[in-house]
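Per-chain numbering from 1; labels A, B and C assigned in written order.
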Amino acid sequence: MPIYQCVTSKTLSPETKAAIASEFTRIHVESTGAPEPFVNIVFGDLPLGSHYLAGAVRENGTLINAIVRAGRTLETRQALLKSLSAAWSRLTGQPERNLVLRIEEADAATIMEAGLIMPRPGEEAAWLVANRAALGEMKTAA
Amino acid sequence: MPIYQCVTSKTLSPETKAAIASEFTRIHVESTGAPEPFVNIVFGDLPLGSHYLAGAVRENGTLINAIVRAGRTLETRQALLKSLSAAWSRLTGQPERNLVLRIEEADAATIMEAGLIMPRPGEEAAWLVANRAALGEMKTAA
Amino acid sequence: MPIYQCVTSKTLSPETKAAIASEFTRIHVESTGAPEPFVNIVFGDLPLGSHYLAGAVRENGTLINAIVRAGRTLETRQALLKSLSAAWSRLTGQPERNLVLRIEEADAATIMEAGLIMPRPGEEAAWLVANRAALGEMKTAA
């Protein structure tokens, strides 16, 4: 976690996906203080005819769902939304008016990565040290 | 928001998708009083062999997840489920016994559309007026 | 419900999918006591270049989201996570370090299957008897 799920009607080049992934990861780490090695970004397609808005086909829309560990302030989550929306628009050329973004909170106690129950926000440093062996090849330096 | 995510093993024609989108949009607006321009419907496929039920391949199933802003009564949400289930069955010919539907509530304070934090249910009218300029080309008349 | 959504970069044979579906279904029923006929498993792809971790393309990752009815103890949900993670790794050969799993709780009162509002955990037996006619062809014996 987090998982940023981005589904879009826009055809994105590998370079644009890489730029979005890099920028979303940077924004997440800066906004929340979470360690970078756990930031997932996933891209999916909205083929023409698969997305409707107000009952009509939407040809140029993007839906972003950000699943993050629960426990950040509302202020942090809203700042995250603003940064993500602006970054997506800047990197893809899609106007912000075409975007829908949501932050979904997930209880760290029911998330498992690398076979380990995740720590709550703020408890990462001790968790990384305690689980260094299990995390193994993962880059554990934030 | 809302986002109605419909994934199905059934091959739907563009006409059927349009009919479902239109009907789900109508049901949402009538049930909740939300403004029509924000109602998203997304269709996805469940190719044969990608869906299992009770450990066996399910050849004729549909999963619908409705992400709506939090704050409606349980009565409203259950009425919404009943209307959606009946409408899908009527428009696709799939029996209701093949459907799984869920309503997932999302906090409006962590949803962003058109670069704006969304209002809570019931606060839309003032929000639409206050943000007319930013909403721009969106059809803001419910 | 539940719905186990498994998206993976790994190409899975029909036999492996069937084995995962069978094992996840068994684990769910044993861990929660829920009736087998309602256990959904869905597989999706993460094509190369659609998944990034820490800003770089992830070539060998799996994301599993388990939507289950709310009301089980944290102990039950964590035991479920451990069993699922180990089973996926054993059946696919993917190391657990490549997996992200989450359990998401959904309120049974806003889930509809076979046209019926679902019962809360523990209330299934009475619900199955009361709705035998509506459930019809579904296998209602757990």
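Criterion: a residue touches a chain if its C-beta (ideal position, glycine included) is under 8 Å from a C-beta of that chain, and two chains touch if they have at least 3 such contacts.
Remember, it's a predicted structure, so these values are computed and weren't measured experimentally.
Novice: Could you classify the connectivity of these chains, where an edge means two chains touch, as line, ring, star, complete or other?
Specialist: Chain contacts: complete, every pair touches.
Novice: Determine whether chain A and chain B, two copies of the same sequence, contact each other through the same residue numbers or different ones, counting it as same when over half of the numbers at the interface appear on both sides.
Specialist: Under half shared, hence different.
Novice: What is the distance, in whole Å, between the centres of chain A and chain B, each centre taken as the mean of its C-alpha atoms?
Specialist: The answer is 22 Å.
Novice: Pull out every residue in chain A that's touching 2 or more other chains.
Specialist: Touching at least two other chains: none.
Novice: In the complex of these two chains, what residues of chain B are touching chain A?
Specialist: Residues 1, 3, 14, 17-18, 21-22, 25-26, 36-44, 67, 106, 109-115, 117, 134-139.
Novice: Which stretch or stretches of chain B touch chain C in the complex?
Specialist: Contacts found on chain B: 7, 46, 49-58, 61, 63, 74, 77-78, 81-82, 85-86, 89, 96-97, 99-104.
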